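Each chain gets a letter, A, B, C, D and E, in the order it is written, and its residues are counted from 1.
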Amino acid sequence: MSWTLRILYALLTLFIVMNVGLLLNGVTRKIYARVNRRVGIRFYQPYIDLVKNYSLTNLVTHGVMFYLGPIFRLTSGVGLILFIPLIYGSQGFSNFSFSGDAVLILYFLFFGTLGMALGSGESGQPHSAIGVARGLAQVTAAEIPLVLSFLSVFIQYQSLSITEIVGAQQSGILQWTFFTNPLAGVTALLAFLGSMMRSPFDVVLAPQEIPIGPPTEYHGAFLGVLQTNRAIFPVAKTILYVNLFFGGAASWPALIPKAFLLYMWSVVVGTVFPRYRVDQSIRWFLKVPLALGLLSIVCIHFC
Amino acid sequence: MVAMFNPIYFVVAGLAAAFLLTLFHNRERLSYFIMIIALSLMMLISLAHLASFLAGTGEIVQVFTAGFAPPFSINFQMGPPEALLTAIVSLVGLLSGIYLSEQLRKTGAYAQAVYIVLVMGMNAMILTRDLFNLFVFLEIVSIATVGILFLSRSRTSVNTGFTYMVASGLISVVLLIGIVFAYMNAGSLNIDTLSESLVMAGRGGSIAVLLITLAFLLELKPFPANGWGIDLYTSAPGALSALISAGGMSATYYALAKVLPVGQWSHDSLVAAVGGITFIASQIIALKQDDSRRLLGYSSIGQIGLLLVVLGFSEALGDRRDFIAAGLLITHALSKSILFYISDMVQDDSLRGWAALRRKPVLLVLFGVAAFALIGFPPFPSFFAKWDLILLLNGGTEGYYLLSAMVLAGSLIEAVYLFRWFSYALKLPHEDLPELASPTSRLIAPVTAALVLAGASWYVSTLVSGFSQSFLIPVAFILLVAVIDRLPAWSKNVISIAGVSLYIADLYPRIAGDLMTMIFAGIFLVGAVLTLLSGFYYKGRRAGFYPMALTMFAGLAALIEAATILEFFWGWELMAIGSYFLLIRGKKSMPHGLSYLLFSIGGSYSILYGFSLAAAGAGGVIAMSSLVGISVMPALAYSLMLLGFLTKTASIGVHIWLPGAHGEAVADIHFMASAILLKAGVFGLITVLLAMGSEAGYTRWILLALGWIGVLSALLGNISAAFQESAKRLLAWSSIGQLGYIVWGLASMSHLGWLIALGYSVTHFLYKGILFLAIGGIALKIGTPYMYKMGGLIKRMPYSFFAVLIAIITLSGVPPLVGFSAKWITYNLIISEQLYYQGFVILIAGIIAFLYLFRMIYTVFLGQLKDNLRSVGEISIWFRIPMYLLLIVILVLSFLPNTLLRPIGDMLSGIFPEEAIVWTGSRGVTSLGYFDGAMIMYVIVGIFVILTILFLLLRKQTQKVKQFNIFYSGEAPSRPELSHFSYNFFAHYRKAVGALALPLVTGFWDRVTEIIHAVSDFIRRIYTGNGQTYLFHIVLYVVVVFLVQSGGYR
Amino acid sequence: MQQILDALKQSVMIEDVRKQRDDLVFITVSEAQAVSAITHLRDRANFTHLVILTAVDWLEEGLFQLTYLLNNPAEKKDIGVRVMIDREKAQMESIHHLWPAAATYQRELREMFGISFPGSPRLNETFILDEGWDGPPPYRRDFDTLKYSEETYFPRPGRSTNDPAEYMKSMLYPEVDND
Amino acid sequence: MNIGSIAMGAGFLLVLIGLWGILTRTHIIQIIVSFSVVDTGVHLIMVAAGYMHQRTAPIISEGLAASDAPSLVVDPLPQALVLTAIVIGLGVTALMLAFALRIHEKNDTLEIKNIERLRW
Amino acid sequence: MRSNDDFLSKKIVPGVEGDEIEVDPIRDYYCDAVPQVSREYKRAYPSIIDRFKNWARSESIWILAYGSGCGAIEMRPLMTPKYDAYQYGIQWRPTPRQANLLMVSGYLSLKTLRIVIRAYEQMPSPKYVMGLGSCTINGGMYYDSYNTINRLDYYLPVDVYVAGCMPRPESLLDGLELLKKLIREGKGHGADIYAEKFEWYKANQKKILKSWNMPDYSW
């Protein structure tokens, strides 16, 4: 496949994923409002917000790292989506997944976190730093079940290649990892909650306490970039889970509902449960999800 | 020519001088002159004989008094041991005489006469071959000793002198009875005749031999019947104690050695047991001691105990016994005299009072030489002696494993108190240093002793087999650098770099084919050059730095070059010395330097023990290959070696020295201590694991334990790092974690595991190098390592920030930099080798690393710039150059990870034949997955660049603002310190999982220390200070030993 | 309560006693004896809590009335000590040595009434006139706040003020002629 | 039971008595005296050890020709040793007494329990 | 006398390298540039892109609510199911950096005025100000107070006033609709007016905030 075609496919992927992400955002908030018996935002409100933020005229910057922080973040989101083979069997929508396997994606998740943390750090805003400290602490805890469940899947399939893992799940719904390795699946779902920055794990952003944490000082186009990433990144993450646990997808129409449902899982939990403090959430991850994850590895190891 | 120096002149010179002195007792100068002449004469005689023996031309000289041959007359024998011992005794006698010039002149000619007689008596004890004559000279020595005490007129001397008198009187009673019975049974008093006779045949004979042995043992002050002797050390003037400890002990020891053959060695086990108990007990008691003299007394007795062990195991040690005993004795005599001399100059008797030595650096150096020599560090004779001793004890047909372990344990305790004391002298914070009476005339004695010790070291090292003289060349270079220590730092730096470079040029062709060696040689020596390069930063002399740094690098180089395990051990110990002195250069480094050294010594003893088992298995062969397939207790041997090397990699359990030691080290030392030095441990582990293999059944458990140690080190190291306030300590804990990965990788004993380990070894060197230089440079620049005192430095130090950023991205394993490849291989390893549980913890540890990495870069470089840092400049260019050199390597490796991993993989295929990673260009494929470093780099950089360009194209009005232009609830921040979130950064994390970072291990070691100290305090209660009690001890000791020994006959 | 007052009368001249409730009495003492009266109440009669210290501007009489309201938490009694001080001099002895918290009240009185308490800590630091104040103490009755406001805060022209009662009447019952 | 055995027994008895004195007496002079007793005991043992039944003292005089000496006299060596030992013992005792003087001078007491001591 | 005066006066700090550093908080801690008029404002007619942007801005109003008086309680119902301002594209943000509309919900004393000015200046432009209730219009019942301002528009460029004491949520929604209309029409130029008449605004502010101790513009 020629490089031009690859880049075109990449742009197309990005376009689709971004729209999916924005719509997901909008629909999610709509659902959230309906649960609260409100009318809620218009489902296309995220688009307007995005345009509005890009259209603000002046920017304030604290330095190079502050300037580049959001770009790091977006690079991470874009890179993530391009490193994941989105559509099983489609060479074009596998994008750059030949560069590396699932491990690459696992670690590339942190690229943006780091960049964002550094960028908000340079602003000198103590609330950002507090938010980042909370976020990192919570993410490291949430990673524990995540790593366990992924490891369990890798062991199950004896492969790190997402394409291979997806390929092994193609023969039917019951071949999905979620059903062949339910413990890992449940663990992954719990870990998924921790990484979506939704209640009960959203104390990182605590708007009234530490004015929304890490991005406190970000505004205008910076915020626009972050919002763009916020559209892409969770979708990419969700697709990763879909690929590993829910049989992947052979086409966009198969992928998007799966991603949507999985996304909804965090939304539903977030709507129902109140917020944890950071130390509470760390302890929570070290209880049930950790036990489940270890159990799943033990099962895979000895069964 | 030797005939000119008839040994009888010892006695003649002594008596004549004593006689003359009484004549000239009112001519102060003249009498002292006479004394010195006489002492010099004795010295000359012994030296002449020694020289001829060393040259190989000497013959054993027998002198017969009264013209008869023995057994009809008393005869003196001057053989090699006598020559050596009389040389020591005379030397110490002369030196002490010179040292005591003032006191001796003051007390007058009588005291000088007594002194001469004392020295003469000691020499004669060594020379004589007649039992009764031996008794006479023993009496002369003890009378002369107390005589001098008597003349010194101080109250404590008089009081203890009396006890000493009565005690030695009692002992002489025992001896006398023994001699008489021996004579009754054999009809002769000549030792040689007695040895050939059947003195043991009769019942009385055996008792006689026992009594004689017992008497000499008692004279050597065995535990616990030695209160009278220790008081003497405490109360006598230091120089006299030096003579008693070095001369009297040597003489008595040799006397015992002479009489043991009389009993056909029937009491060797008694001697060994007494020695062993005395050695251990004295060391333990000394642990709690705070009086320097008394401590030296215990230490002397302990050393004698060790020598007694050597004597008792003559049979097992065979022809090496004399070498071992001589090595130990020389070291003991010379270094103890040095210490006693110094103790005289220090006015304050307490250990802490020795901080006064800082007034005179040369004394500090001497103290250090003595301390290191006593513990048995290279290049001193005791190093080789101890090596031989342990090897032979474990290597004989029946291994004395427990005994050798006890010897090492005792030595370790000795190291504890000696180096605690030494670190007081070096580093104890003191408001005003105590007085120090050190006129230059007083320096002659200790300096000479040290020089003689150095000469002896050189000579002894030539006698050792399996030790190449080429290892002395770096030592010579170091001495050269030490000599020019007065030059400014940069010139020494140039010389050092030149030296190291020359060495690299010399080494390279020899190791060019061996990648494993090249990797570590590269880390050690390139690291050395980079370290030294950053040393250009320092102005002034930087006294003492270069010899010590070079010592460390010489040690590291020796590890690489070692062809025998002795050479390896030599390098290991040399490195420990050098690094100790480097680490202790920090301000508050005293306790940490000490714990570092103690763990080093503990580790190296563990290694030594393992090596000795290896050598035992190989039938005494000490080539490096003897480590392969150890046949004597292989599991223990390998475990001990691994344990020893783990102390250097600071793995959990034995890590407690590292955070403090590294946390207090200054910038470039921190770099070499962590990025380079720790790799020595890795090198050792690799050496051992290569030799051990993984076939044997026991290896499974060892490797399992090793793996978990590595894993826990990684986890706990990283968690603890997140809780540190000091950036240096943070990095130190991070090193523990990183080394944990390496240990884990090695423990997997697989292709991928070793690939990780070696890859980490290299990359850890790279990124930790950058971090240490940057953080160290900053800490140096702003005078504190505490992160909450930093902040916002990106504005002042953009270059450092960039380097640190790259380093932490690499460390955290985030793509696209080279750190990711290690993470990727880790996953492959976990799955392919089924290391699920260890692997899971390792992965978690890797993620936790983000915590401390972000904390470090944020609190140091980001956030609010403090007022007092507003004008601070970039860190020194000499730090940035090595930093950026390392940075370039990181970037190259990131683009092309295969340049590093592929050759290592090929090399590892020779060890672990499986083909683990197949490389096509920059793309590596395993059976599980794939990754393409270059492609990742292209994609990520591409996205990043495109996004940046797009963002710039948005062309907004962008206003650059300053640090307080933040949203602060509509108010203005009042001070930068108050809006820099830094202290207790991960408070919530601590709340949740802080229990994992509790200092349990530290608590464990503290408890161990406490218990040993409590034991020490308990044992030493027997020394009540009541002379009568001490006499009772002697009597009881005689009775008990007599009953035990004679009970043994039935 | 009466015993307390009787005991107090032994040492202090009480000018006026006004019983508000069974457990609340206001007494007036002279400026010179005020602090000793308060000290007595605190130490002998267990009025350990200074509830408030405030002032009233008796412009016409040329006096400031300081009121120290003390509370006995054990017996649930309150006593108010009133002190009349000269308005021109506007100075009173500080009681921060009795209650450190009194310093805060005294700062406030200094800021708003211009009453000075020599020796009271941080007396001249302001609470609310932080943004720069060049007028007289604003709580003094001779300070015309309307005039000040009109001079300073750009009054919007056309603003009219109505008597609330009249205005509400006219709004609610417009048919009634209110004149 | 010859005279040699008696002497030797007496010697050992003296040694034991002396030891008892050394260990139980607290007065320094008494200790020194006890020490002398021990010394004497040892000397007695030595002489007894060299004693041969029915022989005479090893002194060559008119009554004892040098040629006959080896068969008539007791072993001369222990006697020589005893002489030396006595001399040494004398020196030691003298020195001890000198110490006793000095101890009294420095401590104002001769009780061994009361003199200042170094311990631990 | 202010209690925190010493934080803003110049001071000499001993540096880590033994030097002495003079710290001028105003100069060293803050950016003291003045705001500039935007290009859009200078254009005679809004371009088609500007219109699109204005539409987006009008449909996505992020509020920084400054609840200084009784008006604070009237803003809350806007988020409740009954009024639910979200459906009109209105959201609340906790930081001025991400808000476009500053809602001043009541009287402003001198102290709160200073904070409001700071918060307003930290918002990215274009930004809007809405004054609620008579207090912001003419001082309301505080018209004669010695430390409460009478007219907000002398200190900040107010786009919309909502009258009432206090205005009910319906009025607020009405006011927001009006604001949206203004923005759509390209009249939402408060920030530019503020920049244009910067001296006048500053003079008014400084007239009453006499101990002015921050840079003229809080970026």
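Everything that follows uses one rule, which is that a contact is a pair of C-beta atoms (placed from the backbone, for glycine too) under 8 Å apart; a residue touches a chain by one contact, two chains touch by 3 or more.
What you are looking at is a predicted structure, and each value in this text was computed from that prediction instead of being measured.
Asker: Would you pick out the chains that touch subunit C and also touch subunit D?
Answerer: Chains in contact with subunit C as well as subunit D: not a single one.
Asker: Between subunit A and subunit D, how many steps is the shortest route if every step has to go to a touching chain?
Answerer: 2
Asker: If you take the chains that touch subunit D and keep only those that also touch subunit E, what is left?
Answerer: Touching subunit D as well as subunit E, we find B.
Asker: Can you name the chain that lies farthest from subunit E, using the mean of each chain's Cα atoms as its centre?
Answerer: D
Asker: Among the chains in this structure, which pair is joined by the largest number of C-beta pairs in contact?
Answerer: Per chain pair, the contact count peaks at A-B.
Asker: Can you tell me which chain lies farthest from subunit C, using the average of the Cα atoms as each chain's centre?
Answerer: D
Asker: Nearest chain to the global Cα centroid?
Answerer: Going by the distance between chain centres and the overall C-alpha centre, it is B.
Asker: I'd like to verify one number: the distance from the centre of subunit B to the centre of subunit D, where each centre is the average of its C-alpha atoms, in whole angstrom.
Answerer: 50
Asker: Find the geometric centre of each of subunit B and subunit E from their Cα atoms only, then give the gap between the two centres in Å, rounded to an integer.
Answerer: Comparing mean C-alpha positions, subunit E is 70 Å from subunit B.
Asker: Round to the nearest whole Å and give the separation of the Cα centres of subunit C and subunit E.
Answerer: 37
Asker: Mark out which residues of subunit A touch at least two other chains, giving numbers and ranges.
Answerer: 56-60, 211, 216-217, 220
Asker: What pairs of chains are touching here?
Answerer: The complete list of chain pairs in contact reads A-B, A-E, B-D, B-E, C-E.
Asker: Under the definition above, what is the set of subunit D residues touching subunit B in their complex?
Answerer: Those in contact with subunit B are residues 15, 19, 22-23, 26, 28, 31, 35, 38-39, 42, 45-46, 49-50, 77-78, 81, 84-85, 88, 91-92, 95-96, 98-100, 102-103, 106-107, 112-113, 115-120.
Asker: Quick one: in the complex, what on subunit C touches subunit E?
Answerer: Touch residues, subunit C against subunit E: 122, 124-126, 128-135, 138, 143, 145-146, 148-150, 152-156, 159, 161.
Asker: For subunit A, which residues are in contact with subunit E within the complex?
Answerer: Per the stated touch rule, the residues are 33, 36-42, 45, 48-49, 51-52, 55-60, 207-208, 211-212, 215-220, 223.
Asker: What residues of subunit B sit close enough to touch subunit A in their complex?
Answerer: Contacts found on subunit B: 792, 794-795, 798, 801, 805, 809, 812-815, 820, 823-824, 827-828, 830-831, 834, 836-837, 839-840, 843-844, 847-848, 850-851, 854-855, 857-858, 862-865, 926-932, 935-936, 939-940, 943-944, 947-948, 951, 954, 956-967, 979-982, 985-986, 988-989, 991-993.
Asker: Touching residues of subunit E toward subunit A in the complex: what are they?
Answerer: The touching residues are 35-36, 38-40, 52-53, 56-57, 59-60, 62, 80-81, 84, 86-87, 89, 91, 93-95, 97-98, 100, 123-126, 219.
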